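Next, two complexes with subunit A in common: one pairs it with subunit B, the other with subunit C.
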Partner chain A sequence: MSLSRRNFVIATSVAAGGSMVLSACSSGGGGDTAGSGSSAGTTKYSAVTIGTKDDSTGPAPEVAGAKKGGTIHAIGPDDFSHLDPQRIYYSWNSTVANLYVRCLTGYKIAPGGSMKLVGDLATDTGTMSDGGKTWTFTLKDGLKWEDGSELTVDDVRHGIERGFASFTTEGATYVQTWLTGSTDFRSVYKGPYGGKHLDSIVTDTAKKTITFHLKTPRGDLNWALAMHSYGAVPVKHDTKEKYDKDPVSAGPYRIKQHSVDKSMTLVRNTHWDPKTDAIRTAYPDSFTFEFGPEGLQATDRLIADSGTDQYAVMAYSGVPAERIQKVISTPDLKSRTANGLLTGLYYYAINCKRVTDLRVRQALNYAWPLEQIRKIYGGPSAGDYATTILSPDIAGRVKYDAYGKLTKPQGDTAKAKALLKEAGKLGQKIVYTYPQGASDAYDKTKVVIANALKEAGFDPVVKPVESTSYYDQIQQIDNQFDVMWFGWSPDWPAAYTLIQPLFDGTTIANGANNVSQLNVKWVNSAIKKDAAITDTVKSEAAWAALDKEIMQKEAPIIPETYQRRFYLYGTKVGGAEFDPLFSAFILYKLYAKS
Partner chain B sequence: MFRFIARRTLSALLILLVISAITFVLFYVAPRDPARAACGKVCTPQTLALVRHNLGIDDPLPVQYWHWLVGVFAGRDYQGLGHCSAPCLGYSFTNHEPVLGLITDRFPTTLSLSLGSTVVFVAFGVGTGMLAAVKQGRALDKIASSASLVGSSLQIYIVGVVAMYYLSDEWHILPRPQDSAGFTQDPAAWFKGLLLPWLVLALIFTANYTRMTRSQLVETLNEDYVRTARAKGLTRRTVFFRFAWRGAMGPIVTILGLDLGYLLGGAIITEETFGLHGIGALSIKAVRDNDLPLLLGVVLVAAAAIVVANIVVDAVYALIDPRIRLA
Partner chain C sequence: MTSPMPSAAPFQVAADPGAVPPAPTAPSQGGAGRSPGRLAWLRFRRDRTGVLSAWVVLFFFVAGLAAPLIAKLYGKDPYTTYGQNQSGLLNDFGFPIKPNGGISGDFWFGIEPQLGRDVFTLLLYGIRNSLLIATVTTLLVTLLGVAVGITAGYLGGRIDNLVGRIIDILLAFPSTLFFIAFWPVMISIFVSPEDNTPTWLIVVSLISVMTAFGWAPMARLLRGEVLALREREFVEAAKVTGASPARIIFKELLPNLWTPILIQGTLALPMYVTTEAALAFLGVGLQDPTPDWGVMIQRGSQVYQNDITYMLFPGLTMVIFVIAFNLLGDSVRDALDPKIRR
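Moving on to the complex of A and B:
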């Protein structure tokens, strides 16, 4: 059994779980690919820009050759954990939420994967003023809920205010924190059910405007508001906790039937007007989701391609290692795949509280055998070597290679040994852990990792932790591990959501995501300073510089890979594109061929 | 009989109570926090405390267990979710659905899988074992014995995957397993959807029953009372079915009861292999998601299935073997 998806995604939001390791031997095609050269992967790294008002105006561009009608079937191992937008954080939920939840902003994805942030419910990506402390959005005309009632600015505000309620603990917390100035935002405001609204959100029903007054300047509020956690919810139809079972649609499809952990059916929302939507198309009459079949079963069914499976796609779980070779080496099957890099970064966190000497952390970086690890994962088609904190899909990311991992991916044990000697730490014990039972590959990588560390002069001790309690254990501040496998995905393609949660020393606590426990004054200050930059170009440059500085001056992690995933679809499915944001198919672009 | 059932029911309830308490304690022994999954990616101590409160796990362990017990016998109120009527097994941490509802939703699949495969493996296993016993030492006996040895060595997670791949996907001989159609809604679809799991499950179990039936019958056929019956001039058929077969069935019924109890408690590997939504798949989900209420629910179902099966076996045993009396 693969690693518990729910536990795995504790560390990764945009990239969902499922099969994490591939075993093919061709390469990803991104421009950042190191030492690879074949063509299994064809999706390029996303370039994310901010769209104009025209870009935000519907209808969405037509998918070439698409036609209306039919049903698309999606197969996944597990049900969606939440349908209530305020309780949605992780990507596999977002893949379906895209069909019925709408936010002020959203991502318009062009063929090939390039993205633009555009207005979804809003006419554009918002107007910033007061140095980034005030943001105003205007709603489009013609927005309706599935019952035909008008979607208003009050509904948008209601969705955001619901994020403060006691039962929406699973959702994102950025905007709540910025609006109240406190990470303990529920002590300031308890949600809309007491009859009170947040003072910091002002709506004007006549003008259809909603204005946010933030406690600190934020140049990226419009990015954060694209998260489904900030989706609109109708004031009149909010059933609080029970809304999770029966959410109301503002998108092209509405939920018609849902049998928990078994199946779900979405049909057209006849009140959705494509002219109001610059992002979504809606070709199939319905979508059905079947929950239960693991990746291997789903793959075999799609390979067999019979009956309704001809119209089926893998919902969010990719082709598993056992079948990837067959899929990418069989032309007919390969032509029925979409693939791309998962957003975010897989890495090994070095516990800076225990490994205090920078030279030891640098030696670990030099010694780490990325090539051998990726070979176990399946070779170049499993992903690209990572050398930076920021993943390639992050706006403004600048590539660098501080520890020569692209020239010596097998590890430079001689250099590592020299550094250890210089530090007087030859023979230093390093306790390494990974989630046991999550994947056979991790059990195999422990051997090559231990060998490389021994060769570099360390004394490696491998202490795997059972996967269902892995994160509970490594996220304890007094844990006894030196190096820990980890992964993290950004919440929007900006550096802040990668660097701040992972390296801001003020966030260190039990259960927090700064697993490296890096707590350095200059880093904390730089994060605070960069977060306040509202000019996009300057902000991106500052974060890119900080990325490099952290790795050079602190080396708190060992970047591993930008992982790649393959998805298979049936012969009668058209418009199959890899979603660079949620690492699955873009459901709203699919169509059923005749 | 009434006293027997009453006494065994009471002891069964006691066993279930002990099992629930042990499960409760064991769950919290593991270094895992079920609140983390509902605490979002950026989980502050305040949010974590709130989640623990929402899930009802911020109370001391004995208090939590007491609340759970009260729910089972008297029902329980859940903030925001309403009243959960007795027997309330709680709300799933991850699905936010009543556990009893989830179990009753899944049970028909497990029941269908268990009973259907039982019919097949009892018919084939006992039948083949009888033939092998009658034809002891001949070719049929040797073939049946060898085949049962192979069958009992097979594993469902291999046979199931291979059978699905070839019989369903490649050769299209049998439909792919599915459990979306219930027996009462669409009997034909129900039958077709479960045919492959029945056959594969039966393949594994048939082997045991063939071997057991054969060995029991061979032993019984050599008993004095069977020889006496033959000596009295009874027909071969009468001797076989009235004396030998009946005498041999006791141990087989015992094992059948336990197997059926095990299957009704959730055929975990079978359901996972075929992607069926039964109690077994639900139990895996409960463990994987650190979902204590759901885990307690499926553990109790599995335990109850075994306990009830044992009671039934004891009763049936007495019917088969007049020497045994229920006291």
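Moving on to the complex of A and C:
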């Protein structure tokens, strides 16, 4: 159902952060950090709450000490792959979409990172009726596009209907599926260009309301609508495929110039009224993006902190493992960082179609050298060991440790070997794959993984795949890999968006995200059953229980880490905060110091 | 360039194949009864820099060849991740705890950041693998370049034209890009997707591709030299006496071309060490855990801000080796060709 590849973005750099205080190290020596490792991490996980109508009313709270004017420069390795809101799914596209795309709902982020779901274009987070089958939203007054024309309910509907068009396959598909009741929703409705509107969305221009009639009850439509894939698009200025090049802004900034793979400039949108926006502040006069420099290069430039780099931030690739010690142990640099845990889970998917014996999958879990892997990523500053499918920021998540990974993070090869022997599979070949070229770290972790597997009695075969075609290859049903590096971020902080796409056997297809290809009846029916629970507390408990049960009874994945990312910013940048949602800087909160 | 005495040339070279015909100054330096080779050897031995460089180069080759033996005596291997297995060697960030890259009685050159392997044996095996690949490639490239270049230059006409165009194409060809695109395809043909790629296959394919794209500069250079040489009187004379083209190429022309060949060859060897490292960096050459000299240096350049020692050893040895090899090449040329004095 879903096709989130947010993980791809997260994957491109293994970065790290933390709050360690280290003694300065001698040149050439790393210095002893014994005892300080456990205190890593400043960000606490907190569940997202739903805000009231007051919370949804603008203007957004001022950032203390902020002043208007200036330019913020952002440095990133790659250009944004899409600017058309309906084609945005990757979180790195979303970091910039925050500046010009507005959806019905959005996340209001308080200083420190706690989030509230509030109305963005809508006055509140919507009214649910008919047991979750009908949802109504009312638009705020004074909403305008960058040309000064009014943003209407038709534009909001148009944005959702564009999600059905043939050229917007990159976006999210939740709402389309719920509206039509079919995963093959494009055969039901072909998008707004045939002159037909979707029957299940009703708009009332006079009352400024938009009503959704869902085929299945969903208590979380307002969460899904916060995704940029459901951003509003002006009916009058829709240029279809070409909209990806020059989208029309409803937010505080508009795109002034964009040369592909080189640079992009956003300037103030004068028709944006701060009173309509409870989420965004807009201090700098403009933002410029520079595409090209990799994480290491960008880090070195920000460490040097000269010229316009004083006003620069790392757009979405974090400080790499090679510099993390330097950055954390130098107080001046440390004070210029923002860090946080990524929302998702990094894991290794075990191909259940090829590795059919549960005991072998359990043995892999026991043997996996988490500690060695994390040391290569940069130690405790690179994240926390993962033992569950659900990440800690998911509401209702219950921590458990089915394979003793917290007590023996270096891997229990003896136990793995005993399990293998019991299964009669000693010397079983395990084909391990990872994306090559995305990060040096994976070229290193493969060595410790192969060593551990050898020690546990496996016959490891390492088959890296070139990073640009990595996902296409491992998402083939008949691939020849046994263990595949993978990662997943929830689309909104609910267990459904983690477990359903990854473990529902009915979704298995070429290109689908159930990379483990787990297709077990009891899991499939449990997912279906849990998804229908509308009571929040009961639903959360049911998902948490299912999480544990899947890992214990099926072991389809090896959870690795909840990764921490660490970003540097220049000395003249103010208001730098880590976005808990898209794992980058919150651009609209930044300001330029004089 | 030496111009041999025309009348004596065919016979003299035939009598001492492989050596340059005696230069006019030779008799005054050496005296009667000594062969040109012997004279060159004597001149080389008088060149202190040359002798020292020769010892250094020899040392590297011996160290490379004897790497397994040295590693055995030393008691470590380049594959075990000591720093990961034993606590107290690497800190939480994966860098050595002890100063100077973790140098200690157990780890003479320190330990590698992150993976924690022993730098000393890693370097020994890296030198061994890199030198093996670079030496074989250089020999093949030189052989092929010399054969093609001289043949094309001497025969001229259509063949020269054809070879010239092939060289043009090869020089203009983006060989690195080609290798990156072609290599995975080739490996997938030879290796089942469920097996590890054997290291020998990587080595053989590296050598063959670098040779296939590497001979062109050498061939072009020699073709030009031969074009100038073939109009000289001694070649005319050989032709008149009825010598076959093969004889003229190998016995008349080749001995006059040792200088450019040696210079090109000595430049090529260190170049292939770096080329091979660059390919490894792009994911198509030798891969971890197979140790490689160039890969170590690249790794060093990434971590030098925290661990300069790790860059120092492979970097310093590489510099020493490349300088020594170039100086050796110079000295050998001077010895063979005393007319050119620095």
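To be clear about the criterion, the second predicted complex is superposed on the first by the 552 of 594 C-alpha atoms of A that agree within 3 Å, B and C clash if a C-alpha of one lies under 4 Å from a C-alpha of the other, contacts with A are read in each partner's own complex, and residues count from 1 in each chain.
Everything below uses one rule, namely that a contact is a pair of C-beta atoms (placed from the backbone, for glycine too) under 8 Å apart; a residue touches a chain by one contact, two chains touch by 3 or more.
The model shown is predicted, which means the values in this text are computed figures rather than measured ones.
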Touched partner set for A:Asp154, first subunit B, second subunit C, both or neither: neither
Touching partner for A:Asp120 - first (subunit B), second (subunit C), both, neither: neither
Touching partner for A:Gln480 - first (subunit B), second (subunit C), both, neither: second
Which superposed partner A:Thr183 touches (first subunit B, second subunit C, both, neither): first
Touched partner set for A:Asp220, first subunit B, second subunit C, both or neither: neither
Touching partner for A:Leu296 - first (subunit B), second (subunit C), both, neither: both
Residues of subunit A that lie at the interface with subunit B and also at the interface with subunit C: 296
Touching residues on subunit C, where the partner in the complex is subunit A: 81, 84, 90-102, 113-115, 184, 193-196, 283, 287-289, 302-303, 305-309
Complex contacts: residues of subunit A adjacent to subunit B: 1, 4, 6-7, 10-11, 13, 78-79, 81, 89-90, 166-167, 169-173, 183-184, 186-187, 240-242, 244-245, 259-263, 290-294, 296-297, 300-301, 303-304, 306, 468-469, 471-473, 491, 501, 509-513
Subunit C partner contacts - residues on subunit A that touch it in the complex: 20, 25-34, 36-37, 296, 321-326, 369, 372, 375-376, 378-381, 429, 431, 436-437, 440, 443-444, 446-448, 450-451, 461-464, 466, 480
Subunit B - residues contacting subunit A, complex: 30-33, 36-48, 50-51, 54, 80-81, 94-97, 102, 105, 161, 164-165, 168-170, 172, 176, 180, 272, 275-277, 281-282, 284-285, 287-290
